[in-house]
Amino acid sequence: MDDKTEGFRAKLHEVIFEADTKAGKRFDLALLGLILLSVAVVMLETIPTLHERYFHWFYAIEWFFTVIFTIEYLLRLYVVNAPLRYAKSTFGLIDLVSILPTYLSLFVAGSQTLLVVRILRLLRVFRILRMGRFLWAGHIISRALKASRHKLVVFVFFVAQLVIIIGAVMYFVEGPSNDGFSSIPQSIYWAVVTLTTVGFGDVTPETPFGKFLATLVMVIGYAIIAVPTGIVSAELVANQKQNNTQVCRHCSQEGHDDDATHCKYCGWKLFE
Amino acid sequence: MDDKTEGFRAKLHEVIFEADTKAGKRFDLALLGLILLSVAVVMLETIPTLHERYFHWFYAIEWFFTVIFTIEYLLRLYVVNAPLRYAKSTFGLIDLVSILPTYLSLFVAGSQTLLVVRILRLLRVFRILRMGRFLWAGHIISRALKASRHKLVVFVFFVAQLVIIIGAVMYFVEGPSNDGFSSIPQSIYWAVVTLTTVGFGDVTPETPFGKFLATLVMVIGYAIIAVPTGIVSAELVANQKQNNTQVCRHCSQEGHDDDATHCKYCGWKLFE
Amino acid sequence: MDDKTEGFRAKLHEVIFEADTKAGKRFDLALLGLILLSVAVVMLETIPTLHERYFHWFYAIEWFFTVIFTIEYLLRLYVVNAPLRYAKSTFGLIDLVSILPTYLSLFVAGSQTLLVVRILRLLRVFRILRMGRFLWAGHIISRALKASRHKLVVFVFFVAQLVIIIGAVMYFVEGPSNDGFSSIPQSIYWAVVTLTTVGFGDVTPETPFGKFLATLVMVIGYAIIAVPTGIVSAELVANQKQNNTQVCRHCSQEGHDDDATHCKYCGWKLFE
Amino acid sequence: MDDKTEGFRAKLHEVIFEADTKAGKRFDLALLGLILLSVAVVMLETIPTLHERYFHWFYAIEWFFTVIFTIEYLLRLYVVNAPLRYAKSTFGLIDLVSILPTYLSLFVAGSQTLLVVRILRLLRVFRILRMGRFLWAGHIISRALKASRHKLVVFVFFVAQLVIIIGAVMYFVEGPSNDGFSSIPQSIYWAVVTLTTVGFGDVTPETPFGKFLATLVMVIGYAIIAVPTGIVSAELVANQKQNNTQVCRHCSQEGHDDDATHCKYCGWKLFE
């Protein structure tokens, strides 16, 4: 590869992968627009009346987007120094999965619908617009969820047992006279719909005793909806206090309390 | 403009714009009553049975209110020193938009219904009744929402992607046999109805596998309903503590309660 | 009134009004049982099938309870020193209202159903069982609600305006083709059902654009459900810290923080 | 009992009751798998179409699991030193109740469905996998719920009175013209469905005034859903801070984070 090609490749890399230069930013914004459009088309295509009338248009547009995204994917592979590493990265895989379904649809009918996964490509949006504040916000949320994961798992485990027991009891009470409780899995479906306060109403108790039990289930649901909210709230309240971004000059650790005067990891005096 | 007119104008300004004098307060309360009445009339007019029977009455009342509010609007323009600035202010625009639809209805049928925007004029209520505590409360709420806006945006962005993916999956699973999932947008509608725990029940899964997936979606909804609540709670908890930034002049400590008159650390009298 | 009668009256007062003696406690527990039974009977009476079959029984039982509660009411009036003050107290009024409907039913048919207000007499339960901890818990909850009342009022005021605007918009969009949105009040009913995530499903949008707007309304509802929860949580978190029951020896005020060394009201040194 | 038997018994005890040795862990994991399978079978058996076709299979599988669990139960009784104490412990009772229904089904038809209580045996999962973090998480949740139990009881007591009053009022307003409010208990069912924001929609108000009242009930429900969440959140926030009670040996300060290795006030090494 001569120098000229190499320069072109570096320039292309800058446009495609970076968002600092004007060209890079334009490229990324155009890409985002295309992604949104292509997802909208995939969604609209599934509406029967539209599908019938504009079948050929949808077909053409889909291939148009796929060809563009394929070229983009190949260019990405071309300009990076380690194509395989990019191909195996999360973004690389999403990029690949975003074009495969159209080619797949040549062999398997209906697989175009899988193209909605293209929506995942929008995750680039944060990188592109350099919205550090949003990244930080997302980081705080995911840290809070991560910190409370053990509590949430215990809670879900407890709720899972609860809905099975409730489902079995309601199957006993309502089952004989009510089609909506014709089996335990069906009754569990009702229990989940009720405990989560979704309440579709496609299955409802009909016997007086069934309604009485349903009342108890709803009050329980009302009470336990407080638990996950409380868990996440408590974690976020605690996090709020850890916003202190001071880094220890000795061990480079952060996460010190506001009133700390010494590093809690190595004991070094913190700079005021 | 001679002095007499000028004095009359100043007097009128006091009555219309201020709420300190007795006349000003009476004017404002009468105005609030008229606004509430006019909105009630607009709402009642849309009830078919009432509309049919009292058509002429509604027509007359509507013009009555519109003429009054028009006079009030013109008076406001007349008494302020910078009419254009008032006309372009939020309150000025709301005042204008509150009378336009009736005139518009002479040309476009049905546009009277737009008159419900008059309800926005009620925002004056806080100014009129000088309810400082309510203003302060509103300020705290909006500050908490503003402080958590990045987190809420990230959350909504994440939920938006989630409902699209869930919608596509449910379209695959339920679509072929269930009219409620006949397209991806329709399935996304169901996903939003379910994730937010609204649960209308106009669209519900019917296949066993669809019900199983719905169960998972509901449990996820149950879990993520905790996130925005946690975010806002954490912000309000943090705000609660930052309410008072007063520093003791004697020992330089802060963190005093709003009702404190003495420093809780050294007992020195706090400056009011 | 001679001494003997007076002694009897004092004894009776102790039994009826106090819960410290054994007799007083027994009287109160028996009373609670009668109240619960009488409310249950009133509720059961409204079930058509039961009403038809046991009409005479219900009639007899109702008069039985009414006569007993009337005697109790008269005794209460007899034993207290200030009958009028008792009669005008909250408990006195509830006691009276609990027996009136039966007498009223001699003149106005159907008024017995008002007897469910007897359930309010159960409020005595806390006094009787001397459940100080529950009283304290109730006190904390009501204090938190009271402290956050301004914020909650502002919030409700904002939501009220929001549902009127949403109702008007949905009336425009769905009204012409959907009976559920046939008037603005009807559409406001839907808006409240949706924003509060109740979601009965008796009224649902049918046009694609209506469904799209409904999706936005639900996401907004999801977001603002966080606000009242956050307000109450923040208040309760703040209260938790005020559990410190230390009283200033100088000004007798309480509500000091745990780390306070001086009274925040008078500056006096707090006892450690 | 000779030494050899005794040794065999001790060995068996280790396998069945302990989870430290390899054999013990394998036994426990196999047991968990069997429990999950047997519960799945019980649930699937209640699905009419499956039940009809595979009746004999279900019958056989059920007895297979029951025999295995019976042998396991007898072995447990055999290897422990105090069989009666095990039999009367929570786990012992659950183990017994998990096999009884099948034997009972020889005399009472349909009692097999009670076998879903086997799901409770899954509680062993935490003990087996030694998931200390999950146990700790569960401990924190239950401690928070326990600490807030008085507040929750007061709240439920208040809500119970509220739904009875709302039920009676709605019975008055909607009852005459609406089958869903044909009795007070029925109206209370509606009140619970609405206040908890479940909103099945099987019973809905139909008169304009009924809908207006329903709107108020929903807004109240919206407001009071905040209370239990706030209670539990406040408790968890308070707990979060009390997680670590370690005191610095050098400066006697406490309030250290769980991951701290040095005192944040003086830098002294904390005792692990």
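The chains carry the letters A, B, C and D, assigned in the order they are written, with residues numbered from 1 in each.
In the analysis below, a contact is a pair of C-beta atoms (placed from the backbone, for glycine too) under 8 Å apart; a residue touches a chain by one contact, two chains touch by 3 or more.
Please read these numbers as outputs of a predicted model, since none were measured by experiment.
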- Message: For chain B and chain D, which third chains touch each of them?
- Response: A, C
- Could you label the chain A-chain B interface same or different, taking same to mean over half of its residue numbers are used by both chains? different
- Query: So, what's the distance in Å between the C-alpha centres of chain C and chain B?
  - Reply: 29
- Message: Taking the mean of the C-alpha atoms as each chain's centre, how many Å separate chain A from chain B?
- Response: 30
- Chain centre separation (chain A, chain C; CA means) in Å: 42
- Could you list which residues of chain C touch at least two other chains? 185-186, 188, 197-201, 225, 229, 231, 233, 235, 237
- Indicate which of the five shapes (line, ring, star, complete, other) describes how the chains touch one another. complete
- Item | Residue ranges of chain D in contact with chain A within the complex | 39, 42-44, 46-48, 113-114, 116-117, 119-120, 122-123, 133-134, 136-138, 140-141, 144-145, 152, 156, 159, 185-186, 188-189, 192-193, 195-202, 225, 228-229, 231-233, 235-237, 239-240, 256-257, 259-269
- Would you mind writing out the residues of chain D in touch with chain B in their complex? 197-201, 229, 233, 237
- Message: If we count contacts the way the header does, which residues on chain A are in touch with chain D in the complex?
- Response: 150-151, 153-155, 158, 161, 164-165, 167-168, 171-172, 175, 182-186, 188, 194, 197-201, 204, 208, 211-212, 214-215, 218-219, 221-223, 225-227, 229-231, 233-235, 237-238, 255-257, 259-269
